[in-house]
Every structure is written in C-alpha cells, then in structure tokens.
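There are two complexes below, and they share subunit A, which is joined by subunit B in the first and by subunit C in the second.
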Partner chain A sequence: MLTIDVADTAGAVSRAECVLTEPVIAAIAVHATTTVAGVVRLEPGLAGLAGSLARSARQRIKGLDPAPTEGVRVEVDREDPAGPCVRLEIDLVTSAQDQAAAVAQAVQRAVTRAVAGATGLALASVSVSILDIDPGAGG
Partner chain B sequence: MTTSKAELAGILLTVLKGVPGLRTATPSPAQTSAGLPWDLELLAVDVEDDLVEISLVALALPLPPLLRRAEHALRSALDDTEWAPARLRLIVTDLDAAAFTARGYPERFES
Partner chain C sequence: MAVNQTTNQTTQSYALPCGRDVETVWERLGEVEAGRADAHDIDCRHCRAARESLKVLRDLTGELAADDSEPSLDLTGRIMSAVRAEVRRHDLVPLPTAEPGGVRVSEQAVASVLRFAADTVDGVHARHCKVTAVDGFAVEVRMSLAVSYRGFTGHALEDVRERVTAAAGARLGVRLARLDLTLADLYDA
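== the complex of A and B ==
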C-alpha cells in the first residue's frame, strides 16, 4: 500500500491519509499499456490470473466490474531513504509490424504519464518484457 | 451528543453515497468472520477510538480530487461527533473499469 498526497494547488492541507493498493496502480498501467499502438496483449502469468480471479469475485458481489490488472506487477520499495519507490514490471506481446524497442519505450512513457496523472505518483521505473511477437497481429 | 461506532459507520456510508466516483469496497474474506452477518457495506468502515478507516473502490480518475471531496464530506460528518480528533484514512483498494470510460479520462498517453 502507498500513501499519496492529495493536497490541491491552492495549498490546502489534507487532514486525511489517502492510501492506494497495488491493484489500483496496476489497473492504470494495464489500461495505459493497451492504448499503445503495437501492443497486442498483456501476459498475466499464473500468479496474476489466480490473484485477479479472487479480486474479481469479491467486487462482482457488489455489481462492480474491476479493471484488469493482469500482466503488471507492482513493487514498492520502502527501504529507499527518499521515500517509497514504486517499480512496475509489464509483460506483453507486440505486433510483428512494429519495432519492439519502440513499442516498449512508448509503453514506458504512456504508463509513467498515466500513473502520474491519475494518482500523482512518480514511478521509479517501468520495466517492459516482450514475451512474444505476434506475426498475425496488425499494428 | 453521543454516537456509537455502528451509528457513525452508518453516517459515513450515507455521506459517501453523496460522493460521485467512489463506492465502499468489499473486504477480503480474511477480514470477515464466518459467524457474523455479512453487511458488506459496514465492513468497509472500521471505527477505532483514534482512527476511522474506510476502504473504497474508485469509479473515476484522477484520484486526488476525488479523495479530497470524500475527505471534505467525511470530515464534516466526523466533526459533529466525538471522533472529530480521530485520524481519517481512506484506502482505495480497487479501480472499477468504468473509471477509464468516464468523461475526461484520456484515450491515449503517447506523445
């Protein structure tokens, strides 16, 4: 879990502690990744799938539709003297019509912007692993 | 005026229903007891003597203005009770898919 600063630009001090859990950050990152041209899909892995099934079931009880988080791992390093560092690892499949390195860089930029815009958090790093290239998918 | 913890939880839930873009979160099974009736809404609010903690799902982005609105509304409700000096902790446990289709959220993030 991560505490975020919600103070407004007028300088009003927040008297509440506002905390985000890792799935919130992962969901924003997944959405931003899927908007990048050349990304075919994210690869969740078995651990990601199991975790998301339990999470989905809980929220569907209340009629909510949880945003997907599969394919993004969120690590929070609390040992950093400058404060908690958030690192993201993203596993994805790209299209054969796009240059893999360029797609990965675009994903890093898009995710960094999306997380900062939606939460105010500055990410320490975004690592992109291209697990496969889909020859059949268009860019 | 004396307010019980259960009454306060109910008041805070009512206040939250007036804050668009936020819903109370369903707690994980580990947080619930099998022998208790499952009022899922109430389980999202934890009232201690010096801390009021509320678990939330966000249905809109960005989160800072949303949480500021919730804080303002909840703090106003707390100020009328003996929990006025208590700390307020808002935990966003999940994000609903509707947050990305809400008006104003960018469709792309590339430059």
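== the complex of A and C ==
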C-alpha cells in the first residue's frame, strides 16, 4: 500500500489522500511495457508466477478478471526522507529484430510516463532485465 | 465378480414399490429403448420414473467416459518458463541507458544472438558461446565453431568476427571487447 497526498485545487479541503496498491502500479507498468515495439512478452519469475496465481484465484472468486501483473516487481521504500520512493523491476523477452538496449530504454520511458499519467506518481527508477531474446519474433 | 455381487445386493435393496428393483430397470433400459418393452415397463409409473433418472445418469457417465481432453499445457509452460527465467536472472550484462534504473540482459540471451549471427556465415555452425561482462558496457566472448570441411575458407572466420561484432552493436547495444574463436570441429558437407 502506498499513500500519496494530492493537493486539492478547490481549496475547500487542505488535501486529499490517494491510496494505491502495488498490483495497480504493476498492472499499469505491464500494459505500458507490452505496447512498446520489440517487446515479445514479460517474463515472470517463480515468485511472480506464484503470486499472480494466488492473486488471480482470489480475484476470480470475486468474479473479476485480473489485469496481468506478471513480470513486474514493485518496491516501495518508505524510509526515504523525501517521501515514499517507488522502484520498478521489469523482466521481459525482446525480439531480435530490434536493438535490445533501445527497446529497454523505450520501456523505461513508456512505463515512467504511463505510471505518472495514471497515478501522478513519479517513479524513482525502472530497471529492465532482458532475460531472453527471441530470434524468431519479428517486430 | 465380488464387486458385481455387492453392487447387485446394494441395488436389490432399492426395490421399487412395484416390486422390481433398480438393477432390473437398468438392465432393461436398452430393451425398452429398442422397443422391446414388456407391459410392466410401459404401465408402471415407478419403473418409468426410475428409467428417466437412470437415463440422465447414463448420459452423464457416457459424456465423462468419452471426454479424452488432455489437461491444459498452459500452466506447465508457464512454470517451465519461470524456471528458465530464474536461472537466467543470475548472469546479467549491463546495457547502456539514459534512464534511471539500469538495463541488463542475460548472458544466455547475448550468447544466443551472437551464435545466431555466426551461424549466418556459410559453412559455419556456432557451438559453445561463453559471455562475460566487462566494464564500459562491453562483453568478452569465447565461441567455438564447427566448420564445413568442403565449404570452409580462411575468410569465413573473418566473416564470423565481422558479423558477431555487428550483431553485438546492432541487436544488443554492447561493445565487443574481445572475441576468441575456437575452431573446435569439422563436419563433412
């Protein structure tokens, strides 16, 4: 859980509070990542897979189809004096047609922009790990 | 047989009010459907009710018996992919980026791209490829090759060096600090 203070422009209330959970940030990041050209798929690790199975089972009981969060780890650092500091780690597979470094940098930019646009949250960092390069996948 | 006898005794204890037991109704199910029903089968409402329930049971068990679909391979695939990812996470080569957080690529992925590049040279098959990260977004690569006995020329190794160096820059974005090629084998083609 992550609480963000939002300044209220109307001035009636001094400020509003916005609470985000990690899966929400992860789902936004997953969506942004998959829209980048050259990304074949995200690659969840064992921990990510177990976590996502548990989460989707819980959501299905409630009758919801969960947005995918596999392959993105969200780390919130509350010790930072400047406020909570959010770091993302993304694991993915890229296509061999594009330069891996360029695709990864495009992912970093797309995710930072998408999270800022959807939540107002400025990410401290986005680390991208390319775990595999798929020679068969084009574009 | 022992099992059958037990079943018979169990169902015989479920005699219908008309005197027939469920086992008899079950056995006569086919007869009745084939149009060889006796007077009792047609008139008795207890037998008719039992027959309807048994038909439902037969249809359902038939469906289950006919169902030969395999369990989904999706979960197995996801688990294996996660296991592979877990192995690859340990050996990562840093790539240059302007954004905070850093970009890394697994040594296995680098090796597969470089092997693929070497394979494009005629008469050359890449074999083992060991990638080691060094400072300054560069890698040191040791690669062993099998070359064609008939098709091989001295230029091929230069071609391999050229294409692997080009692939490292164009496909990955790393500098090739060192490339050791080992001619490990010949093949007859």
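We take it that the second predicted complex is superposed on the first by the 126 of 139 C-alpha atoms of A that agree within 3 Å, B and C clash if a C-alpha of one lies under 4 Å from a C-alpha of the other, contacts with A are read in each partner's own complex, and residues count from 1 in each chain.
Heads up, the rule we're going with is that a contact is a pair of C-beta atoms (placed from the backbone, for glycine too) under 8 Å apart; a residue touches a chain by one contact, two chains touch by 3 or more.
Remember, it's a predicted structure, so these values are computed and weren't measured experimentally.
Under the clash rule set out above, the superposition-derived model of subunit A with subunit B and subunit C shows the two partners fitting side by side. Look at A:A27: by the touch rule set out above, it reaches subunit B but stays clear of subunit C.
When the shared chain is aligned, subunit C comes close enough to touch A:A102, but subunit B does not. Of the two partners subunit B and subunit C, more subunit A residues are in touch with B.
Contacts of A:A122 after superposition on the shared chain: neither subunit B nor subunit C is touched. Vertex at the C-alpha centre of subunit A, arms toward the centres of subunit B and subunit C: the angle is 110 degrees, rounded to a multiple of 10. When the two complexes are overlaid on their common chain A, residue A:D91 makes contact with subunit C while staying clear of subunit B. For the pair subunit B and subunit C, the model built by superposing on chain A gives 14 Å as the shortest CA-CA distance.
Overlap of the subunit B and subunit C contact sets on subunit A: residues 109.
In the complex of the two chains, the subunit B residues touching subunit A come out as 23, 25-29, 40, 57-59, 61-65, 67-68, 71, 74-75, 87-100, 106-111.
For subunit A in complex with subunit C, the residues that touch the partner chain are 43-46, 48-49, 87-88, 91, 96, 98-102, 104-105, 108-109, 112, 124-133, 135.
The touching residues of subunit C, when paired with subunit A in their complex, are 78-79, 81-86, 88-89, 92, 95-106, 108-110, 112-113, 116, 170-174.
Contacts from subunit A toward subunit B in the complex involve residues 1, 4-6, 8, 12, 14-21, 23-24, 27-28, 31-32, 35-37, 54-55, 58-59, 61-62, 64-68, 106, 109-111, 113-114, 117-120.
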